[in-house]
Amino acid sequence: MFFASDNGSGVPAAVLDALGRANAGFASGYGAEPQMAALRETMRGLFEAPEAAVYLVATGTAANALAIASHCPPWGAVYCHALAHIEEDECGAPEFYTGGAKLVPLPGDHGKIDPQTLENKLIQAERVGVHNVQKGMLSLTNLTETGTRYSPAEIAALSAIAKAHGLPVHLDGARFANALVAEGCTPAEMTWRAGVDVLSFGGTKNGLLGVEAVVIFDPAKAWEFELRRKRGGHLFSKHRFLSAQMAAYLEGDLWLDLARHTNAMAARLEEGLRALPGVSLLHPRHGNMLFVSLPQPLHDAAQAAGAVYYHQRLAGPEPAVSARLVASWSTREADVDALLASLAAGLAPGGGAALSPA
Amino acid sequence: MFFASDNGSGVPAAVLDALGRANAGFASGYGAEPQMAALRETMRGLFEAPEAAVYLVATGTAANALAIASHCPPWGAVYCHALAHIEEDECGAPEFYTGGAKLVPLPGDHGKIDPQTLENKLIQAERVGVHNVQKGMLSLTNLTETGTRYSPAEIAALSAIAKAHGLPVHLDGARFANALVAEGCTPAEMTWRAGVDVLSFGGTKNGLLGVEAVVIFDPAKAWEFELRRKRGGHLFSKHRFLSAQMAAYLEGDLWLDLARHTNAMAARLEEGLRALPGVSLLHPRHGNMLFVSLPQPLHDAAQAAGAVYYHQRLAGPEPAVSARLVASWSTREADVDALLASLAAGLAPGGGAALSPA
Amino acid sequence: MFFASDNGSGVPAAVLDALGRANAGFASGYGAEPQMAALRETMRGLFEAPEAAVYLVATGTAANALAIASHCPPWGAVYCHALAHIEEDECGAPEFYTGGAKLVPLPGDHGKIDPQTLENKLIQAERVGVHNVQKGMLSLTNLTETGTRYSPAEIAALSAIAKAHGLPVHLDGARFANALVAEGCTPAEMTWRAGVDVLSFGGTKNGLLGVEAVVIFDPAKAWEFELRRKRGGHLFSKHRFLSAQMAAYLEGDLWLDLARHTNAMAARLEEGLRALPGVSLLHPRHGNMLFVSLPQPLHDAAQAAGAVYYHQRLAGPEPAVSARLVASWSTREADVDALLASLAAGLAPGGGAALSPA
Amino acid sequence: MFFASDNGSGVPAAVLDALGRANAGFASGYGAEPQMAALRETMRGLFEAPEAAVYLVATGTAANALAIASHCPPWGAVYCHALAHIEEDECGAPEFYTGGAKLVPLPGDHGKIDPQTLENKLIQAERVGVHNVQKGMLSLTNLTETGTRYSPAEIAALSAIAKAHGLPVHLDGARFANALVAEGCTPAEMTWRAGVDVLSFGGTKNGLLGVEAVVIFDPAKAWEFELRRKRGGHLFSKHRFLSAQMAAYLEGDLWLDLARHTNAMAARLEEGLRALPGVSLLHPRHGNMLFVSLPQPLHDAAQAAGAVYYHQRLAGPEPAVSARLVASWSTREADVDALLASLAAGLAPGGGAALSPA
């Protein structure tokens, strides 16, 4: 019953097999291996972007920080949601890689930036002069940190504002696959057709050992990215082990199948949770992440049964916790059902939560 | 006949098997997996350093840059050999990670820093004041970039100078195993007993997919290193795939066996090369790397036969190239012999190189 | 009628005279001139801090950024008010000088940080781990950006929270003199006795050509500061022209006299503004800065008469602007009265503002 | 007898007078004062560069570091002479401002870069790839650190090589005036006509309190420079005190008169030194700096008489020191003659140096 994060899972057999195949013989490194040339073409095809530059790194933080640093100067403001991973969970990697850019957190319901808020912020930013950080870049996340989703139209609306003010747009797609299959659109529709200039294309959370692609739709930025990647220590000598993973991930739409399964497990979990008295969703579920309010007795029961997830106490009249429940590609129906059962065990005999007498 | 680099090889089956075993089930990430706790103890035992901090990253450049940045301030001078990887081949990663420290390249025969040169440089550095970069750190490489080796006594001599001037010492051990087995000493003798404060312990070149350890003998630096690693994008979520590799590498002294084989292949190659008329060694061979002068006809013949190695034209009366020939753990005797045969094919019927008439 | 900023004024004759005297003959530079040694002792006496390190730079941004960078690591969070100069008006200088620290803006009425808000933020910061920016430093501003003042007790309360969480405290004292004379306390009471570790001691706004002191109460940080200053290009060769200015500023309490006059002019202005129908203060006036709501007709009249001050449109039922009015050491009573008269000229004959019919 | 540096002098009366005049009344700051607009046009006229961007900072290190950072990326190599101020005397300011660029010191007689050396270095730099720092910029110094001079033709030759390889060219003109009057050419001939893209135009050493201009011949770099300047803490609020100084410096060719006098004093000193037995020049004198070998007795005599200059022991059969003797605008003939007399006092009765018996 591991629902702490989708990065707690391993990888499908196909990925390990691909490593085994890539292992044969000697090969040039640093991306000069034949697998990378093939993968580059595969990804250009997938994104309908024949000119796109495609690079691999091993962590999402590296992908984001390098993508941002290649598109935003040291004196730029990076507009992002207040809960964005780059703002909250990367220990200042974007600031480090950009040479001190300023992340400007924007509020917004359910982890999504409101277009009017962005517009207002940019208008305000254009009133300032040399004393102030300059408007630099927009960074979106899809799925968001609260598990919600931007549609291509929503991304396009935000990008249009950014573009009207001269800003490039980054998309942190650590859970790109989960968003994509939920939306049922194409990769191009979710990205460059919606105004995205550079994408962190997540692989690790959805079934790789540790590979993320950065897709740069404006190839003029490519060489700078390569130098920043090397300089950041993110250029792999035995690069074939990255390209082989990513190739296996895309082969036969494995990545989409994994994401569909993952989202389905989350949907099953949502359905079960909704049936539990006292449980409520804190954010809409749009992919594979659930944020729920759990009555304390249910939470206690699940913990006692060994369920693993992030949680924190909620303020309110009744003891409760907010819990983040994340399904992964390796989550099985039985795992979901076990979690639900463990929570249900905390219900009082009458069907409600076993609340404290007071 | 691939002798371009030891990073052109794949990995032994034991390493892939370890990945497969690590793949089972869910696990906490970011180094909190049980494998890492075990590995930490293994490495502390190996280095006879029960307090050492042990971290994993995926590239040598990351290991070096993070190790240096954790021990040298932005205004520090990092003394290193003029041919050092950190000076020549990391696209400024040490400068980036330190926030602008200055690498001070020192001359020295065969890639090794001469103690007197270091001493003089440090005396000179102590004459300066606030206008100048301050003495910051000593960084050694073993094996060196020219394939030579520092003995523990030589490291100790250089460290003693550094320590007398208050400097910490870094050892870039991208080919640590090759140096160690050639020397026949213990890891402790090669490192902290010889004054090394922080080690980049290479794994990739000697048989891993992409894992290097950083061993910090002064644990007071550990937390800073952890933050710098995260901030640099080098903290892996599915960290078990790093710790599993490194554990397999150390298990049953696999790493030493691999390095012994590698060095033996280089020795075999050296023996064969010495028997070829006109071929001479440019640096002593102390491990798995050979730098040789090849008469042009021999080089041409090897190239025609498909041999792969780095080379460049040498100035001199007769056409010749300098070639770097690197054996790896997967180099077989047959590979060595094939290379030698391909070179020998360039010899003139009489036994000398088929030189141009002029 | 220049009320745009206190940096729009020149300098008193005594300061120019001091430059003339300092000009004689040859002198060592870079702070080694005799004037600096004397000034250092003067400032240590003034602050009752015989061990304090005292340095001069030429801009407030340099003082702040260097002070912060010497006390906060690249991965640190600098807690400051959302309106702080370091957050809003220095184009990312703190981020640049620290190597990418993150400024964390805190809300608070009238430009002042609420102790409970700080406490909550620090408690929250201690729940996080390696993925997050670490608590780094507290930076206060006195006078604040809205012209209000922290008392020594208020500073001490905030510092106590910071100290309880292990944080050093910076005080941006660009208008330190204005705060000090308004408070009627000693420099020590406003700084180290209240927990301040490093002070940006403003001189420029209160009568110098361009000199700010940085007073570091923990001399262990001094050498790092000196290197950062040099490296930032802020170490002056003809340093005597800085030390002479600052010495003249402190001589005979000139700085306090200037600030008292300045505050008195602001008080006179406040009194006059309060008598104008429709004018209201947006923040309490605690020193030499006023933030007021001006009915549009009054504003228009003042503008027509040539008054200079920052202003922006206010939302509301009646047309109005918010205006920032800053007195300086060279503001005379006649300037204040002229501004008041120019505003009054916008009043309708009946005594109220000449409002539009609608 | 102060010959330690030209920054040991004060400023001419005309400069102080200009400060007094600039002091009157209120003024906008940050370069928006009317004096700056006028100065900008003056300097554009002086340089025959109507599009040039002109900025003022207060130190030479700031001018150089900002100029370089605006023209060279973090991964760039800055080619400079091994003795260049940016390499030796700025505590890593260029590395800090660029975000970690690498200074590549080039050898060359008498402080001047040899064109062939530069050409070879650039050819070599073009052989490398992503693993290496990229060719970034050429930085020259005129006068050089050894007091020698590049002619416009020599600058043009080096610039042509740089330009052929795509590099911009910086000229550190801390002693630009001394070079210019010695050469007898125009500012344009010494700079943009010879291929210089950005100039640090020194004022401090030649008679200002602390002002250097940066002249950017490609205005496309101007805005970036402005942001870097602000972010570096080098934008002055009471900027009129910088522009007034520089205007006074240029008014009526004061700067050229000052430099001519300075060079004449150095020439007088050279003449006198050449007449002293045992004294020899270590570098040709091309401006206001002399590097000489002084027999120990002469040096001792001068020191005993209170002469101030930098010196260090020379290796050789007879005890001797190398001395740097710098004339400034305020050096008088009497100062020169006094120094010469003090040295001559060390001569043995017979006319040679009073050597030790051994």
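Order of writing sets the chain letters: A, B, C and D. Residues in each chain are counted from 1.
Going forward, contacts are C-beta pairs under 8 Å (C-beta built on N, C-alpha and C of every residue); 3 or more make two chains touch, one makes a residue touch a chain.
Keep in mind the model is a prediction, meaning the values are calculated, not measured.
Visitor: Could you quickly compare B-D and B-C and let me know which has more C-beta contacts?
Guide: If we tally the C-beta pairs in contact for B-D and B-C, the bigger total goes to B-D.
Visitor: Which chain maximises the distance between its CA centroid and that of subunit B?
Guide: Looking at centroid distances, C is the chain farthest away.
Visitor: As a quick test, compute the distance in whole Å between the mean CA positions of subunit B and subunit D.
Guide: Inter-chain centre distance comes to 42 Å.
Visitor: Using the average of all C-alpha atoms in each chain as its centre, how far is it in Å between subunit A and subunit B?
Guide: Distance between chain centres, rounded to whole Å: 35 Å.
Visitor: Using CA atom averages as chain centres, what separation in Å is found between subunit B and subunit C?
Guide: 53
Visitor: What positions in subunit B touch 2 or more of the other chains?
Guide: 74-75, 90-92, 96, 99-100, 130-131, 134, 227, 230-231, 235
Visitor: If we count contacts the way the header does, which residues on subunit C are in touch with subunit A in the complex?
Guide: Touching subunit A from subunit C are residues 74-75, 88-92, 95-96, 98-103, 130-134.
Visitor: Which positions of subunit D touch subunit C when the two form their complex?
Guide: Per the stated touch rule, the residues are 2, 4-5, 7-11, 16, 19-20, 22-29, 57-66, 90-93, 96-97, 204-205, 209-210, 227, 230-238, 241, 308, 328, 330.
Visitor: State the interface residues of subunit A toward subunit D in the complex, per the touch definition above.
Guide: Interface residues on subunit A, with respect to subunit D: 30, 73-75, 99-100, 130-131, 134, 224, 226-228, 230-231, 235.
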